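First chain written, first letter: the chains are A, B, C and D, and each begins at residue 1.
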Amino acid sequence: MSKIAESAGAAVADITDGRTIAIGGFGLCGTPSALIEALLQSGATDLHIITNNCGPDSSDVTRLLRAGRVRRVSASYIGDNSEFLNSYLGGAITVDLIPQGTLAEKLRSGGAGIPAFYTPTGVGTAVAQGGIPVRYGSGSGFAAEYSAPRHVAEFDGREYLLERSLTADFALVRAETADTIGNLRFRGAARNFNPLCAMAARVAIVEVQEVVEAGGIPPDDVHLPGVFISRVVDLGGRMRKPIERLRTTDPVPAGGGSHGL
Amino acid sequence: MTWSRDEMAARAAAELTDGQHVNLGIGIPTLITGHLRDRAIMLHSENGIMGLGGYPLPGDEDADIINAGKETATTVAGSSFFDSAMSFAMIRGGHIEVAILGAMQVSVAGDLANWTDDGARVKGMGGAMDLSVGAKKVIAVMTHRTREGQLKLVRECSLPITARAAVSTVITDIGVFDVREDHFRLREIAPGVPALDPELSRMLRPGR
Amino acid sequence: MTWSRDEMAARAAAELTDGQHVNLGIGIPTLITGHLRDRAIMLHSENGIMGLGGYPLPGDEDADIINAGKETATTVAGSSFFDSAMSFAMIRGGHIEVAILGAMQVSVAGDLANWTDDGARVKGMGGAMDLSVGAKKVIAVMTHRTREGQLKLVRECSLPITARAAVSTVITDIGVFDVREDHFRLREIAPGVPALDPELSRMLRPGR
Amino acid sequence: MSKIAESAGAAVADITDGRTIAIGGFGLCGTPSALIEALLQSGATDLHIITNNCGPDSSDVTRLLRAGRVRRVSASYIGDNSEFLNSYLGGAITVDLIPQGTLAEKLRSGGAGIPAFYTPTGVGTAVAQGGIPVRYGSGSGFAAEYSAPRHVAEFDGREYLLERSLTADFALVRAETADTIGNLRFRGAARNFNPLCAMAARVAIVEVQEVVEAGGIPPDDVHLPGVFISRVVDLGGRMRKPIERLRTTDPVPAGGGSHGL
């Protein structure tokens, strides 16, 4: 029962128009480039993309947008990206702006069968009150649609707002290693939203740097169990890992230490 | 004289206690890292790292190890990686002792405005709302005036709010202010700063 | 003749499709493991295992590897361990294709009663309510009568409910029954079983 | 900033009467025996224990009960344990029976700052309707107090009930390995409720088989970050791991295979 797909193209072939797709990654880090490229090639359009932030103008998600394939985006941030910002402000796409922790929790809850939860995040703000522009009028510069207010309830004397969970038809995610039945290990901060997107989707597709046999990942070391993964695309060591902002430091002067507990 | 950005960062670092887990926002707060050498402080990065270090040496860059500002980064001994739900469970659950955040406005009640400069062209709040609500203590670091000369320490925020009653201390270029519900308490003034602006002085007294 | 416990387990195993993730309850369902040799089935154990194997060989027991019945167990190739929140995220989130559970009563509507034999001396529901609500398909396995001779296939459960409209198929000692909202459909009868009890026959017809 | 405690006794010394304590483990598996023993020695009483199941009569938690130190238990199951069952039915302790998945989620949510969530588990049952005996009259055999009904709401045409999250003053948990700042690794199915109890507590105390230096656990391999742990008790390889139900199998006959994907 190997889950290894023939190719990235084959893995995304049944993603039809109008689907909701959760895409892992934080900017360029941990983003499934090969799968997004395959989605671009597939021609599927009118997509609702759920992804934390869309990365810079050079990102793969931006290429989907530029090709006119994105109807709606649910994200915590669309700055650093003039294409997304202009499409949003120009009324070409609908955008749900969601606090990052709430977005992470919505995906995790969606995958865990929890339909809604209360959170303190956003109480007393436009998230709770509604009124964040969701869609702008075409070229008008004015919002044509605003986010809806949230139900607010008090528990133990503190206010919380109710958030609905998110699920997706498909997830496109990236991991470092998979076994043949989809058990995954991530690497460093490239884990981020990837496990959560996979959990929230009906069909989760992962691209990986390497594939090992079932049992090749010790059971204590699996980051995400294969039960959440439907298809594995083996990039065979040819994974592209761009760096969004390269920063380095001068060698530490003699006697300089580091922080940490 | 007022404090430079780096002096503000140093002053903010002095607010931390060894053993704390601390999240540093983007902007002036990122400069604080430079003032934590040999401090027993663990830095949390919202994208899934506890135990963030400084920038890597040239040649040591790793695309999979970045900070919340998407810059290449390193980790310290005892660090860990985890997914974003766990990262914000730490934040929202009150396990991060201190968040030090940049700000556009802070009110006497501790209301924080730092996620959008006007209501009509929003880019998203990222993790700002979670951090300001979830961290046990929130310190804001900002110049006390905008480039246009408007006070950023205010009676009531005019900008969209990130969180209500979130900030306990504001570190500015002219001094350190504690939030006292209906006024600011001037805890420390930067050396050589002349008499405070009358509008700001009024905010040091209770009431409107 | 009626099916033995082990024959019921074999019949239940035949309901499974290769590639499925399956949770087996305590009682007759645990016997199903013996009928899964060479089947591409991953067994889920609510205490935090995907890929549960059989009992260990003598000398290979490991106190840290137990099944949900607290018995020593093993794992298969491709197994994983995780915490209980993740384990029930799998269950509640619909990622477990089939749960096969023991039952005290199943109604024509698929209501399941299996967590307490009376309302006054409850011992706890463990994971039964989560499993019966969360698994994509729930199969109940039980003898069709209590030891006292009462039918366990019922119009309406008299015992406290574990979940409403949860069960789709009931495998009993006399045959296989599919739940059809207002009646049972007798899909298969055990070889040599004489004519059905009139009370049970009535439940094969729609309505009360 | 090492978190290594001098002893189990020192680690639990500030647990005073009346506290709520979340205890990890599933029956005897992964249960922090040394810490419970220390709690027994400490004399703290009137405790509210949150633990999935109380194990058999021989369990450490049962010793706390027998010593009269337990006021209330929140658990998913108290069968297999005549002491707990008799104390419950005899009116000596108050018991909240909570579906296992709901209990796990309540602890995880409590630790994650989510005060309440909706779940499908228990809809249409005594959990939703209320009426599960919480406390019996002393010796009467009749329930003197019942569980409260839950608020039920509909999302997308399906009913869910609202559950409040759980937090604790202290957690007693067990892991296999800790580093000096409390990063943890668990072993096998002994993980179970341990990370969740630790997350839900204001002060989480862990007993471990071995301690390594900070950095001794690769950052990708940490199961629970040390930020959730306050104190580490090093059992130095002397961890007791009892087996609740020993079952073994005969060697597989030649040609016999195993299941698995």
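The criterion applied here is as follows: contacts are C-beta pairs under 8 Å (C-beta built on N, C-alpha and C of every residue); 3 or more make two chains touch, one makes a residue touch a chain.
Note that the coordinates shown come from a computational prediction; the quantities given were computed from them, not determined experimentally.
S.K.: Over the chains that touch one another, what is the least number of steps taking chain B to chain C?
M.R.: Contact-graph shortest path, chain B to chain C, evaluates to 2.
S.K.: Check A-C against A-B and say which one is joined by more contacting C-beta pairs.
M.R.: Pair with the higher count of C-beta contacts: A-B.
S.K.: Centre to centre, using CA atoms, which chain is the farthest one from chain A?
M.R.: C
S.K.: Counting only Cα atoms for the centres, state how far chain B is from chain D in Å.
M.R.: Using C-alpha averages as centres, the distance is 36 Å.
S.K.: Roughly how many whole angstrom separate the Cα centroids of chain A and chain B?
M.R.: A distance of 26 Å separates the two centres.
S.K.: Report the inter-centroid distance (CA atoms only) between chain A and chain D in whole Å.
M.R.: That pair's centroid distance is 33 Å.
S.K.: Two or more other chains touching the same residue: where does that happen in chain C?
M.R.: Each of 19, 40, 42, 49, 51, 77-79, 81-82, 85, 88, 91-92, 134 in chain C touches at least two other chains.
S.K.: Which chain D residues sit where two or more other chains touch them?
M.R.: 1, 105, 108, 112-114, 119-120, 181, 186-188, 214, 219-220, 226, 260-261
S.K.: If each chain is a node and each touching pair an edge, is that a line, ring, star, complete or other?
M.R.: Basically it's none of the tidy shapes, so other.
S.K.: So which chains actually touch one another? I want all the pairs, not just one.
M.R.: The complete list of chain pairs in contact reads A-B, A-C, A-D, B-D, C-D.
S.K.: Provide the residue numbers of chain B that touch chain D in the complex, in ascending order.
M.R.: It is residues 18-19, 21, 40, 42, 44, 49-51, 75, 77-82, 85-86, 88-96, 134 of chain B that touch chain D.
S.K.: Considering only the defined contacts, which chain D positions touch chain B in the complex?
M.R.: 1, 108, 110-114, 179-181, 183, 199, 213-215, 217, 219-220, 222, 225-228
S.K.: Would you pull the chain A residues touching chain B in the complex into a rising list?
M.R.: Touching chain B from chain A are residues 26-30, 52-53, 75-80, 85, 89, 97, 99-105, 107-108, 119-127, 131-133, 141-143, 176, 186-196, 241-249, 251, 256-261.
S.K.: Under the stated contact criterion, what part of chain B meets chain A in this complex?
M.R.: Those residues of chain B that touch chain A are 19, 33, 36-43, 45-49, 51, 53-58, 60-66, 69-73, 76-79, 81-85, 87-88, 91-92, 111, 119-130, 133-134, 160-164.
S.K.: In the complex of these two chains, what residues of chain D are touching chain A?
M.R.: 1, 105, 109, 112-120, 153, 155-156, 158, 160, 164, 181, 185-188, 214, 219-221, 223, 226, 260-261
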